[in-house]
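Both complexes shown next keep chain A, but they swap its partner, so chain B is in the first and chain C is in the second.
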Partner chain A sequence: MRARELAIASSVALMVLLLAYVIELGGLGPLAPHTIRDLAKSYLEYAYNPWNATVSSMALEAVTAIVWDYRGLDTYFETSVLFVAIIGVAALYRGYREMRGLGGAGLSEIVKTSTRVLVPLILVAGASIAIHGHLTPGGGFQGGSFMAVLMVLLAVVFSLDYAFERGLSSRKLLAIRSAGLIGILLTSLALLVAGAVAGVYAYVFQNMVRESSELSMPRWIFDRPLGGTLFFFNVFESLAVVSGLTLTFIVLALRREEVDHALAAGEWYE
Partner chain B sequence: MSDYISLMFTVVILSLVANIGIALYGIFTKPSLIKKFIALTIFSDSINSFAIAIGFRRVAGSYPSVAVLADVPGSPEELQHFYATSVDPLPQALVLTAIVIGLAVYMFLAGLITLYYKHYGTTRVDVVRGGSRG
Partner chain C sequence: MEPVAILLATVAALLSVIATYLAVVSKDLLVAVVLSAVQSTAYALIYYVLMAPDIVLVYVPVSVGLLPAVSVLLIKKTERYEG
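And then the complex of A and B:
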């Protein structure tokens, strides 16, 4: 046992040394260079570029422009992976029941009061990160996980019983999660459908005017840039993430009485 | 001054590599699944920070800006100034994807580990042999 651990430790140390040597030799290119790659430069140049609108996504934030416009299909499948993982967790605990009255009054009154103060702050900050995803750093996923922290806080501080009594249930959360994913799908197909109706060319995941397609999502809302599809993607994604993460947390936090049936099913499969 | 910055940057990169090594050691040798899980999250966080650090750049006489336009640019010249001083946004976008996929994997793993604990009453892998139940 001792020799095994020693072998692992020395091989890991060797890996660290060799990796450090390769990086020091310049294996990843110069670190902290004064110039950036041409690819990065083109993303930065075209993220918001009204003088070159056929390649622009008209969003002030370059990362959101990459995530939801230039690599939109990627991000759609990434969201699907998250969805499948949530389904997987629910399937691991198949047959669980949400029960009330199992006891558990939550934490002390001091914690509850301070949480009540925090709740609106977290909600507003999370929603702002999500809704302003195309203007400031952040986006749908970041805002959604921010708000999911709020739900986890509520379930821990006020107990799961309280959450269930207030109408939180995994069935509802899964419905919101699916609605978010369907919203993303509809947004990505919106211009394609509009193009089919109007009889002109359009693309899946099309955001702004492209060569050979005149259709475009709205660029401005009042006097603010809207970024076309990016705003809708961020809103739907934050809905999907907040409900999905809350659902997972509830399933993971279930009490023994509630998962007995699931455990018995596991017994039966052997 | 420039040499000092280079040195500090190298130190940061090397400590991230060392962090990756320590996390791998934890995954291999710790018997408790929860500790393996924590080591795995440290492992992926180190790699993500590493990827972000690769996208960093230096701007002479100033700090680089984040990849966000603060105002709507009024002319192509303002835009030129932006991409002359901003960091690389591509690693950030890729790391965002990696974080989401990682989160999906962790949620599933956490579900499995919790189920394991509810089955056996422990999260250690070395005390459960041959499917006996505690």
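And then the complex of A and C:
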């Protein structure tokens, strides 16, 4: 990194600063209004509204209410896209074998010890982000990716051999991922099935009572708000994300000896 | 917004521009990955100042944890130096 590169980088940063100043002055066209728009106001008023539950999702966190209730179907397909991508990675490497004893010893003892201190902290942080997704910022994807970082850290620091010896395998991860997706599907269909059994109207992705539908997911657990489907969606999504992202990392991190078998099988097919 | 918040966002934005430029011109790809993680950290700070904690929580693990991990794997399987 030479002084010349630093000088060019600083001048680029200065240009960006001046450009931002010009935009702030309105020199490149009209600015967006700073006031809160009507759409945002309606979401803020309806996300937690015990006086009119037919428009509310009874969640204290407006972002989670939008993501998993008001536009729940979009989020469902986002999850499906991630699932298809992970299946694609696994299918690209099809035929690999997870092998032990390839000589990976992990990093030094100092790194291992400090990682052991970090593990419960990251795990609790990720789990609380996922489980409190309807109360505080965060949600299933955020908590799941926190825990996926933890798994990647473990695989790098303690080596893949150690992870495989402790019972981690891509088959198990894929099973957890599928269980999470099935949980999301069952949660979204729960009230529809209940309505079909009871003979009353209900909707797919229904959360609270709606006009023309009396059914509702639970609003409270003990004396805390539960947010109906949002809690279940967050828990299942975090399971699906942590197993899916860990599976992707492990498949991409496979050693040469483990992939050789898959390559030989590919050549045999040709 | 508070003046302190605007100042913090400005400093973080300038740091991210510098880190991005150095990551683009760097011939050592491992250094480029670290610099792009620095840029992501600055972005996370900006999101926090702009009152988007949901985005911070998804941006930190993905762009500082998972993306560098996958990029380092890619570099390990190919070549460290460009050109």
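The rule is short, and it goes like this: the second predicted complex is superposed on the first by the 228 of 270 C-alpha atoms of A that agree within 3 Å, B and C clash if a C-alpha of one lies under 4 Å from a C-alpha of the other, contacts with A are read in each partner's own complex, and residues count from 1 in each chain.
Note that a contact is a pair of C-beta atoms (placed from the backbone, for glycine too) under 8 Å apart; a residue touches a chain by one contact, two chains touch by 3 or more.
Please read these numbers as outputs of a predicted model, since none were measured by experiment.
Set side by side, chain B and chain C differ in how many residues of chain A they touch, and the one touching more is B. When the shared chain is aligned, chain B comes close enough to touch A:Leu31, but chain C does not.
When the two structures are aligned on the shared chain, A:Ser10 is found in touch with chain C, with no touch to chain B. Of the two partner chains, chain C is the only one touched by A:Val149; chain B is not.
Judged by the touch definition given at the top, the superposed model places A:Asn49 against chain B, while chain C stays out of reach.
Looking at the shared chain after the overlay, A:Asp74 reaches chain B, while chain C stays out of its contact range.
Look at A:Ile129: by the touch rule set out above, it reaches chain C but stays clear of chain B. On chain A, the patch touched by chain B and the patch touched by chain C overlap at residues 5, 8-9, 12-13, 16, 20, 63, 137, 139, 141, 145, 245, 248, 252.
Those residues of chain A that touch chain B in the complex are listed here as 5, 8-9, 12-13, 15-16, 19-20, 23-24, 28, 31-37, 39-41, 43-45, 47-49, 51, 60-63, 66-67, 71, 74-75, 78-79, 81-82, 84-86, 88-89, 92-93, 135-137, 139, 141, 145, 225, 245, 248, 251-252, 256, 259, 262-263, 266, 270. Touching chain C in their complex are the following residues of chain A: 1, 5-6, 8-10, 12-13, 16-17, 20, 63, 129, 137-139, 141-142, 145-146, 148-149, 152-153, 156, 245, 248-249, 252-253. Touching chain A in their complex are the following residues of chain C: 10, 13-14, 17-18, 21-22, 25-26, 31, 53-54, 56-58, 61-62, 65-66, 69-70, 73-74. Residue ranges on chain B touching chain A, taken from their complex, read 5-6, 9-10, 13-14, 17-18, 20-22, 24-25, 28-29, 53-60, 66-70, 72-73, 76, 79, 82-83, 86-90, 92-93, 96-97, 99-101, 103-105, 107-108, 110-112, 114-115, 118-119, 131.
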